[in-house]
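Shared between the two complexes below is subunit A, which pairs with subunit B and subunit C, respectively.
Coming up: the complex of A and B.
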């Protein structure tokens, strides 16, 4: 009886997520290449074995560290230790790939490319998932989450800037595009944030109007829903003609940079895509507000504006912010497509890379986009949680 | 004093309130009672113009309520509703301070008033001022709702089924509190309910409404003994109207000099309670005790029964 108890409690201690991640990472480690060597940037790569490229400390050390992390992931429930193990393994993994790149690159050679292979990416994603899961289990306060994000992103950037990563293929592409990269990054953020801000300025009042006038709701939300279903490329195309005509007819518009192609149609399209989540969430958020509270506010002598500003909007804010978060992440991703019509942004690297079959250049555009979207999501989540700490209509309904 | 003159509300072709005229005396409690859909809430909401009348008018201390903007009028009139309607994102103190803030009272006066009201409603300010509504029990939330309605010292308090969401024991307590508060501040109260017991317990005068019309507006005992309409008689309860009548008189009011060997009852107990006590104990008379515990007289069954007849 005691033995059985011991067995069940022991088997219960194997962490299911840890098991899944370990299995995935182990399978990738065994079957997929860790490093890809290319004699130049557009040649197909050839996989290189770990022991062939890494110095002795890496050949033994990297698998040992990964094994140790797997043991922690499988058996140790303490979230703090899991986080430290995951982050430590990520650092070691990054150092190993840098060492591999440095070992494979002849001194002074700028032609060869050494790229991380599929095994590296799978293991990195598994470690990332392990770390995020540990952070979720730690339930850090919103401010702590933002700080952690800043430390991780800032640390990563400093490491790439000053660390031994210069011979990695992505960093090679970065070195070639170093002058353009900050410009495109800024453009990317400006397009995403600018269209978001414009959508909030228009969408919030529109949502309030739809809440006040139920008759408006179906046509407005219906129209915005239809816009949402138009593929981005098609919407750019649709916008080219009217914006081009506008630029042709009104010189002032052309002077402002409005043209059939470029940033203007991209910004307009992103703005249109952003409206639906913001308007819809404003309507839902306002509808969720306790009617008794609104009735009491009016009954005590608040003007319509005071009811809106002091009762309805504060209570609807978490839901509205959730809509804004959706839009922010969606925009950061969609700006990439804007590069197709000359809108600029990190998508420029992606499409150039596709055109040149240079996958490393694609990654130079794609990886920062993912980091941006992830950071935006973490920031807004933290903001929403701070606001939810002051109880909202939802909690009252639950009480 | 609230004078309601020929007040009518129509939505399209439906008449919700139909030419109602009432006069609520200063410092009194008027209860409007009726079935759902009788128009009682609409009538109440026309007093503070949450609903604008189709025709007729309301005078508050002689002045037409339409002589000032509706939101300014409402700040002078307390308003408490069923389910309290507290602001979930504001603390108890902030909730209570709502109208004083709207009126621009200085902060220290607001703070003093909030503490005073929380004290009156048996909510220790040190414990409850900073609490959020969802942290309170239903009865406490309702008390905060009434405290908030009274915060700016309004002369008139409108209450729309304020105790409807409370369980019977807490409701009885809330009703006693309301009576005590009303005596203390001399507020003129208009309260809407569908509960006839509540109407009789609280109302100095009770208006019975049906299909938008006030059928009768009078003291509870008159409603029981001289119903103006079969509907009023039905609403006030034909089968137990004698007992309801007994419930309107206290033992102290009915006691006669003398003493009795029977059970001892409090002067504030209703005759209905005394009768129940006599039935239970098998006695035929009871001694009535004053607040101080001394005998104030006695009551026998015959005297009680005599008061249960019109």
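Coming up: the complex of A and C.
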């Protein structure tokens, strides 16, 4: 009712996105549960009414804050204010769900689970979209985007560490797996980044070679393209046999940790998947370097190697980095599957969770994976934009 | 050209022969097994599994094509232009979601089986199609659009008769990308009990039978390559039919 009032009073210039998000959030708020109470971690939960679980400040405060945010989303065009409203509402929403979890959990009870319900997730997504839209409209510079990401991720981690969130179901799973979590996280990052670095070391020269000898291009790119079509779990599995045989035949390889199961086949498979985007983008990037720039460099008396190092590669760098960004995001996602063959990483939690039908454990693996991939993508995007804006590169590319 | 054609039809014939008469290929896979393990997957019909996987992928692709093309049209009209920057950002964010995570999160919502796989493939397939639809619709030369308006076409007619046909090759390319990614991704669906070739691969992983892993992987890979190739041929036909300069 109040929502409709807010809409009509601003009907002169209602923001269409704000209208859509407010409608979605309001519908979820009315029809879906906000909190789910489970008597243990694998039982199906039962919804609990907000009034029954929140302390008085929350029962009035949370709807009031959300309503205020809706008014901002509907009627205020200024992107900065919309961003502040959305981020503020996300903080209040998080505090409310933590308060609900604390109120529903009997003191000292480690068996019950209190999970955010569908309404919480829908409202959170709507607020996230509002914030994303505001950021998109603000068009922040690369450095500002990285700073914003650091503040959000760092703030979120500090809040989860020191804030009142310990009774939420995901955090309960974290507490159970606290010793393993940093290890799996490290392994995840190492597998994703290690195979990326190896692929850059091999793929960059291979791409340069393909650029120089056009005859090589179709067979190399074709082979790498076919590798991409083999599903990840199959490639992991197929590599188990030769690596296992290698470890059996060459003791030194086994001593290095190369084994049929575990991280080795995963690392090799990720490396093979990573090659195509890097080689293909190196070829495209080098081909797009203007011939005039290359001629000018030659005219100045540069050797072929100098032309490559000082002119061609710097100019092709943004395109090559775009390939590296694709690989990084793809690898972080694919490492999850490596858990199936004992490769470790955050996928361990995901597949254990699927096996135990414990959704909170799935989220403990899935949410950090998404945050990792997203952060990597933002960081590399910022780097690419900085490089593209570099005046010397722009001038030479335009020449 | 005939060489490529020969390779194409041989691949297809080999794939079909293997799926219909897998028993005949037992000698090929026998060296990969140990201790008398079965060389050919024997816990289900390979052809049925392949068809089930293809069916899931095509259903998901049809749904994502409808939604993605619809959304792409919406945000390139004047009325929806305000949603364009946000939707592009969302496409970029969506690409950072690993398919396993989408799959795992869908399980508690809809249960085990085909449904979470369909949802994950649907969501994952949206992005390339959406991006290519927008790129295709925006790449229509303004002079062509003005000429269309000048001949008295309404906005809807212009969309149906000019813009969509011109954007079709790019849209098809998006569908092709999303189909190929999804044929591979669908194998992961077997971890949540969807029917498909992932079953074969996982059976191989569990019993350390490389022959099974190879069968599941190769059939999936070949299906993806053939789909990619077939759709690429279709695209070339379509773009030849649309004379645009």
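Criterion: the second predicted complex is superposed on the first by the 377 of 399 C-alpha atoms of A that agree within 3 Å, B and C clash if a C-alpha of one lies under 4 Å from a C-alpha of the other, contacts with A are read in each partner's own complex, and residues count from 1 in each chain.
Note that in this section contacts are C-beta pairs under 8 Å (C-beta built on N, C-alpha and C of every residue); 3 or more make two chains touch, one makes a residue touch a chain.
Keep in mind that this is a model prediction, so the values were computed, not measured.
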First (subunit B), second (subunit C), both or neither touched by A:240: second
Touching partner for A:356 - first (subunit B), second (subunit C), both, neither: neither
Partner chain(s) touched by A:40 [first = subunit B, second = subunit C, both, neither]: neither
Which superposed partner A:16 touches (first subunit B, second subunit C, both, neither): second
Dominant contact partner of subunit A by residue count, subunit C or subunit B: C
Partner chain(s) touched by A:374 [first = subunit B, second = subunit C, both, neither]: second
Which superposed partner A:51 touches (first subunit B, second subunit C, both, neither): neither
Touching partner for A:311 - first (subunit B), second (subunit C), both, neither: first
Touching residues on subunit A, where the partner in the complex is subunit C: 16-17, 129, 132-133, 135-137, 226, 229-235, 237-238, 240-241, 329, 332-334, 336-337, 340-341, 347, 350-351, 353-354, 357, 359, 362-363, 365-366, 369-370, 373-374, 376-377
Of subunit C, residues touching subunit A in the complex: 32, 82-83, 85-86, 88-90, 92-93, 95-101, 104-105, 107-108, 180, 183-185, 187-188, 191-192, 198, 201-202, 204-205, 208, 210, 213-214, 216-218, 220-221, 224-225, 228
Footprint of subunit B on subunit A - complex, ascending: 290, 292-293, 295-303, 306, 310-311, 314-315, 390-393, 395-396, 399
Parts of subunit B lying in touch with subunit A, wherever the complex brings them together: 48, 50, 71-76, 79, 81-89, 98-99, 102, 132-134, 145, 148-149, 158
